[in-house]
Amino acid sequence: MKQSIKNAIEVQNVTKVYGVGENSVTALKDANLTINDNEFFTLLGPSGCGKTTLLRLIAGFEDITKGDLKLFGKEIVNLPPNKRPINTVFQHYALFPHLNVFENVAFGLRRLGKNRSEIEQKTNYVLKLVQMEEFSKRRPNQLSGGQQQRVALARALAPEPKVLLLDEPLSALDLKLRQAMRIELKTLQRETGITFVFVTHDQEEALTMSDRIAVISEGEIQQIGEPNSIYENPANQFVANFIGEANLLKGICKKIGKNGLCKLNSGHEISLEIPSLIKVNDPITIFIRPERIKINKSSSSKIKSFISQFTYLGNAAHLEVESNNQKINITLPIDKVKNFKNADEVTLEFPKNHARVINQ
Amino acid sequence: MNKILKFFSFCVAITLISSSSFAAGKLNLYNWSDYTPDELVKKFEAETGIQVIIDTYDSNETLLAKLQAAGGSTGYDLAVPSQHFVEIMIKEGLLEKVSGIKDMPNYKYVAKQFQNPSFDPMQEYSTPYQMGSAGFAFRADSYSGDGSSMMEFFKPNDEVCGKLAVFKSPEEVVNMAHLALGSNFCSEDPNEMQAVLDLMLEQKKCVKVYSSEGINDRLKSGEVIMHAHWDGYSQVGKWEYMDDLTYAYPKEGVVGWFDSLVMPKGAKNVKEAKAFMNFLMDPENMAILSNNAAYANAIPESQKYLSDKMKNATNIQVPEGVPVVFGQACNEKAQSLIDKVWTRVMQ
Amino acid sequence: MNIQGENKSRNIVLGLTPLWLVIGIFMIGPLLIMAGVSVMEPNVYGGVYFKFDLSGYRQILFDTNLFDEMEFNPAYVIIILRSFVLAVSATIISLIIGFPAAYFISRQPDNVKNILIFLVTIPFWTNLLVRTFAWIIILGKGGVIESSFSFFGLLNEDDSLNLMYTNFAILIGLVYSYLPLMVLPIFSSLEKLDVRLLEAASDLYSSRMEIIRRVIIPLTLPGIIGGSILVFVPCLGAFIAPDLLGGGKKLLLGSLIQFQFSTARNWPFGAAVAMFLLSLVVIVLVINARINSKHEDLQKHV
Amino acid sequence: MFRKNKFRHVWDFPGFSGWTAIFFGFLYVPIFVLVCYSFNSSSYAMIWTGFSFRWYEKLFFNDDILQAAYNSLIIAITAAPMATAIATISALVIVRGGGFRGKEFSSGLITLPLMVPEIVTAVATLIFFATLGINLGLINVIIAHTVFCIPFAYMPIKAALEAMDPNLELAARDLYSDKNSAFRYITLPLLTPGILSGFMLAFVISVDDFIITLMVAGGGSTTLPVYIYSMVKMGVTPEVNAVSSLLLAFSIIFVTGYWFLNKKSS
């Protein structure tokens, strides 16, 4: 029983279909999701994957085609947005252009019928929280992008919602500001203790800020997990490719079990755990992050490998190594960059615990 | 939303209030252009407190069309058609019967021969306004002719050609053509009407403009030197600024008309309209009208109040031997022939 | 933006009811009744008899003459042709005057551009009658043109250039009335024109004339067609210019219709001509829609 | 020691600037002449004899003109708000209603009065009122004006609605507004400039309309343009110029107001 109270949001078998008949589009298919209280939860996926749809369903802007939606254990499917203790930070902020900063932030409190002093006190408090108190008399069009973002945040925080929804709130900011805001948002979430549901297509954002991430593609949830587990153990090729850079190498299973062995098409052999579902001589795909592969300069290898493309990145280098017409991506740490150049012959090493067999 | 609603109802209220407040003493008069002297209106307003609003039309046909289109209520309280159009309008049910015309205090001033006129034998619909003739006038200084023939108007010489203007109304022009050709008004003979049409088409080559309004202005600017005209209105032009403006009395005759005040169907301000009818039968008031518009009238006693210049008005004095032929209400066949002729000329 | 739990379709019907009612009763209703009147028998004294009669339409081509014989009557065909020729001429002249101006305006810096385009719109919002009336003062006998001619000794005091009451006067009036309607759509499509295309054309050896012909005109064609229709359609039905500047002698379709409801009192014929004019306009609009959809396809493929 | 700059951008065409000057001359010289001649002291419009305000003074003592102006105002002040109200509701439904059946039809319907030639609308309305025997005086004219003012009111309102971020309403809903207060506190205030400019256009169009009014108006419903028409028919006097100039000034002031309003809101 205690467990259920800790679940801020439960998404149960939620399906959303737009339109009817032939022209209908399924934006979300049988989504299941539980977001814990006090959690910074991120919905990550490419544009058009359904993550924003899910957010809008939670906010109440769209009606659910099928499924259930619970907020702290209470059914909210039939509540209009103004009856849900959930607030949203819109992608382009949607600040009311005819109201000044103070009135924008106070808007929700006024609609809730709070008394004057409370409105004033709360509004000023959140404005201070986002460091916008001296701008309270300005109109939104007199603010910079970053300032507008803060106001949008303040506006959504002011009514003290149980859950805050953020729809790509950082996408309109430039890189420097974006990076600074990540930290601020995270801090803010921790300080307020409000559950954040954050939508983004930027995997770096997701990895740096989130407690947990749900990766969504084509209307389906691909994987839910903590950032490092998603990074290290992607559930499928989509997740592997979408988050970070990945080598998906084709090969044939030589031995199964904890000490399994796979022979890659490039000629390399990798020892890794191969689940017993796979049989010997089955074709399989191996996942390994580019920075995990070890590389040495050598011309005496059995397997003829050479650097086909060397790209200098400043803090690292990106190599493309070709062996047996197979391309393997490798990220080279900064201290080793100087040792390599284009067309060098090399040998590769695949450490055992970093390679995984991966599903389609 | 509430504010909009309030504003809207405010507007409606204003409309209603204003229209009803005016209705207390308002008279909508629909008259020929340049035919209602300010002096007369001011006097009527001062005496009765009734506000007179004037709209104008340019021909009997336009008036008839407007009354027809209104289907029984034009919003006008009085109009001023010529004798034969009164007949048509009565027949078409476009006029309101006015009770007690004969009991109006000033009715006694109307000359005996104009009481119970042929177009309104029981005097149930109309009271006299003015009478005069339609023909043509010319600037004597620029024209070598003397206006002794109607053909000078229909077959103009080189001086006039291109500087000629004609009424924009069929009945008067067609009747003038009948006079010129020696045929009868309201002819049902296609051959006669064909001759009328040919004459008017030939005339059209020299016509600069068809218009029944602003005639004196057009003559004064020199835009035209000959214009279809009315006797009184040409006299007004002569008084005002054109000494040489001469109204022609051709030997074939001029087209006579007798305008009356009538009440269109659905008139709302009946009391006011009757007040105006009675007002205008007063000799002194009728004299004001005649002094300004320079037409003759049906109130003999008004002679006493006529100005001197009215007595010397040459353009309205019909020379001996020039017939004044009054227009008649034509039957449907004749009327449709007239319309056909006119339509073909206007094409 | 559908929000759950709200009675959407009921609100749509409720919201659009005033529109449907007002336009339906007071716009479509009159047009239907007019269509009905156009097939009735005329009353000589105005109005109609409620009897089916196609004479209104027949009369456009064939009419009984004074002898009650049916004959081909070219008069209305001439009026229709005159309306057409004048409307087409007015459209072409407006295009020639308006296009370079629209182009020049579209290339100005934003603040200048806004003011200039505002200056183009002002005459459109002012009274058409008054604007046409202004030309009487200019073209009329002893008006601005004639008095300046005689001032420079080009014209004798008593002579006249006879500018008023001519087709020429009507044409000027029409062009003047509807010129802003030509400029505005052309301007908006010129504004969208990418100047890099002109640079590319120039780079590929086009002269200025060729740039206009091969690049600017094809790309702004929707604006040109739109503007032309906005000028052509009202010219076809014009009433004020032929009435005031044509001296009532040169009827156009618009003044012909008005004539039937005033002096001539032939409602069915007037209604028939109005139906004819209306169907011409519909044809023009349909052709326009066709061309536009084609042009949209073109844009998509680029 | 500057080199004469002969460079010309490919998008500059020689002669277009001069042509544009001629274009504006053509547009404004007639209006200018009209206004100038309204100050002519001569009683004949075309002959200039001296500067005078007498015709303007005369206007103020011409009861018929004042009555016509009053009628014009009453008609516009009633028809324009009605047209604006209908246009506003319709625009809200058409722009915000999503894809519904009859949407195309409704937006076509709203522009119908623009498509039909004015003279056709005029005679059709005349026949309509005559056949049905509806004779309510000014109200007939007001109805006719309301109909053809709708599309003019609709255009700026629709533009304002389309330019408005639909998320603003959602944001309001999100911040505990019900549908009505979201409309009242967000949509309506943001739409007000658009509604106001729609109203102004409708107002100007109503005051300026001539042909339809000429055909529909009966006794006591004469509007200023119809009155001017009868004056023009009577002859070209400086008094016509004076009243025309006033009407022009009125329209220009209104349209300028509309322009500034639009500029401010965008």
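Order as written gives the chain letters A, B, C and D; numbering starts at 1 within each chain.
We take it that a contact is a pair of C-beta atoms (placed from the backbone, for glycine too) under 8 Å apart; a residue touches a chain by one contact, two chains touch by 3 or more.
Because the structure is a prediction, the values reported are computed rather than measured.
A simple rule picks the central chain: find each chain's mean C-alpha point, then take the one closest to the mean of all protein C-alpha atoms, which gives D. When each chain is reduced to the average of its Cα atoms, A sits farthest from chain D.
Centre-to-centre spacing of chain B and chain C amounts to 36 Å, using the average Cα coordinate of each chain. Between chain A and chain B the centroid-to-centroid distance comes to 89 Å (mean Cα coordinates, whole Å). With centres taken as mean Cα positions, chain D sits 18 Å from chain C. Multi-chain contact residues, meaning those touching two or more other chains, occur in chain A at positions 60-61, 80-81. Looking at chain B, residues 66, 68-69, 71, 211, 221 sit in touch with two or more other chains.
Across the assembly, chain C contributes 1-3, 6, 47, 140-142, 261 as residues in contact with two or more other chains.
Note for the complex: chain A touches chain D at residues 59-61, 80-82, 86-88, 90-92, 94-98, 107-108, 111-112, 155-156, 159.
Against chain B, in their complex, chain D makes its touches with residues 44, 46, 63-64, 67, 70, 74, 77-78, 81-82, 85, 126-127, 129-131, 133, 135, 137-138, 142, 184, 188, 215, 218-222, 230, 233-237.
Residues of chain B touching chain D in their complex: 1, 4, 7-8, 11-12, 14-15, 18-19, 26, 28, 30, 33-34, 51, 53-56, 58, 66, 68-77, 211, 213-214, 216-218, 220-221, 266. For chain D in complex with chain A, the touching residues are 165, 167-168, 170-179, 181-182, 185-186, 189-190. Chain C contributes residues 43-47, 63-68, 75-76, 78-79, 140-142, 158, 160, 162, 164-165, 247-249, 251, 259, 261-266 to its touches with chain B in the complex.
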